[in-house]
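Pasting the structures in now, so scroll down.
In what comes next, subunit A is part of two complexes: it sits with subunit B in the first one and with subunit C in the second one.
Up next, the complex of A and B:
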């Protein structure tokens, strides 16, 4: 074979504008998957360090002054955490819906409308996220 | 023609006479020849400019930008895009456009083509960001300027020609030929296929080995050993053919269920989207996955 030239970015993400629905679904699914894995481990780390520190004294627990409660209350008082929670919901909902879509694809059902089911999962994710905003943001200000 | 050339002539002749006393080493004849050469260059540049202007003014041309690269010529080792204005005719395909550019503007423009009717599978290009068959893509359906590049994820040999060796190796690795367990005693006897079975493999038989799907597949790009959509489709075509028999089918399933086989497919649907013969590649790969699972599942 003669020499060849590496065309660099055109080989991969340089042509992201031309990606089709199935490709975007794959990228979003990977991305949301990694975010969920990251969240899971953060979640485990935060809670597992907070629980042993919780006071066993019923009076402290009743007053809501134990370390576990104060940790959660402090976190929830931060606007950034509230926003991140909305983001987490969006990520989880998309991953669930696209996961159902992939289940159908694996079963060979409706492969002709795989792009429509991707758009549907995007729209549903958007709707659910928007609907959740009042619940998550309430009392944050 | 314009009146420009005669004027230039007088300009140059005056310049010539004024320069004469200083440069005695060059003979008047040489100078004259040099002047004529310059004049010719000017005239041809002007002609080119006029042709360009005319091409732009003329609505019935299409602008194509073609990827150029030639490792054998030093000046062409750095890839570039060449722009051609091709006269548009009704029904013109991308292949027609590059053929016109080659025949009328630049004979060194290199690309593969043969049948011009989407049968030979030679002319898959990357047109406006998508793998398409040049002879099956109407110029009228594309936005201008039309960018024509060689297939991504394959090494470029020259201009639009890519190295297909790896693709052919993948295709050969699934034994892409009919190979039944038992052949009829009489060699001349037909091996008949049921209509239903024919319908099942019909779409998969349409593959023309153009490598558009292989080029569009992200997984094939990252994993050199991945069989790729075209080869898996070939495997499907024969694994699903009932005439081959059960033991051959098991062998075929063993080939495709290996580490770099069907399970690498991440259902991005890129191959299905670009296939010029509308083969539902992802569907076939998914079915092979299910067949592979069924083969290995044992409930006792």
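Up next, the complex of A and C:
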């Protein structure tokens, strides 16, 4: 049976040495959530260049010289952007995997092994991120 | 016995919607990343390629639903994280309405962007 309890000073990050695996999962989920919501606003701002591009002439669009295409191509030519994209992937993968873990825990599945499933989320995030680096960096040099 | 670390009040509608949108986003965010980084590569993006996808009503409607669920899930998550840090009273109301206004702007601009590709009205 689950039980709610007063977390008291659990948000006091000065107590980090006392944090359990579940607390670290909670902090990482919160941190990755902040990054993702920040990125969502940035992402829509960049994609908004499609609005003026839509009214450019068809020849410019066909040649890929419109403002949207040139903005994306310019950003993708920067090594820093590629590295940030790898970071974004790591953040998104962890948030997805830990989110699945949270959904299962909320349904009462895997409560006894929630610390192990957190470690599994971390390891899987690392493996997927490392395996994706060649795809994300391709063409950057 | 489980300890309940959730940021949300159990039994509340926002708690339920946070979980329902999470279940949807787990699948669609993974699909979005896979399609736009592994099937197509980000450095090969062009307006015409994005337009060809967004002109399909199935893809357009999925992306609109993605925008709305991601905005709700993200902004509601931020709001609850701030409440966890002790946000109360007038400050809580100011933050709440600021986040609602920011969400409305994001949704409006997101729909305009999707419409620009789909050949639908961008309003101004």
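As a working rule, the second predicted complex is superposed on the first by the 124 of 141 C-alpha atoms of A that agree within 3 Å, B and C clash if a C-alpha of one lies under 4 Å from a C-alpha of the other, contacts with A are read in each partner's own complex, and residues count from 1 in each chain.
In this section, a residue touches a chain if its C-beta (ideal position, glycine included) is under 8 Å from a C-beta of that chain, and two chains touch if they have at least 3 such contacts.
The structure presented is a predicted model; accordingly, all values stated were derived computationally and were not measured.
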Touching partner for A:94 - first (subunit B), second (subunit C), both, neither: neither
Touched partner set for A:115, first subunit B, second subunit C, both or neither: first
Of subunit C and subunit B, partner touching more subunit A residues: C
Partner chain in contact with A:68 - subunit B first, subunit C second, else both or neither: second
Partner chain(s) touched by A:21 [first = subunit B, second = subunit C, both, neither]: first
Overlap of the subunit B and subunit C footprints on subunit A, listed as residue numbers: 1-5, 7, 10-11, 22-23, 26, 102, 105-106, 111
Subunit A contact footprint on subunit C (complex, rising order): 1-7, 10, 19, 22-23, 25-26, 29-30, 33, 37-38, 41-43, 45-48, 50, 67, 70-71, 74-75, 77-78, 81, 84-86, 102, 106, 109-110, 112-113, 116-117, 119, 122
Subunit B residues within the subunit A interface of the complex: 69, 71-72, 77, 79, 129-130, 149, 152-153, 155-158, 163, 165, 218, 221, 266-270, 272-273, 280, 282-283, 286-287, 289-290
Subunit A to subunit B touching residues, read off their complex: 1-5, 7, 10-12, 15, 17-18, 20-23, 25-26, 102, 105-108, 111-112, 114-115
Footprint of subunit C on subunit A - complex, ascending: 1-5, 7, 10-11, 22-23, 26, 30, 33-34, 36-37, 40-41, 44-45, 47-48, 50-51, 53-54, 61-62, 64, 66, 68-69, 72-73, 76-77, 85, 89, 92, 96, 99-100, 102-103, 105-106, 111, 132, 135-136, 138-140
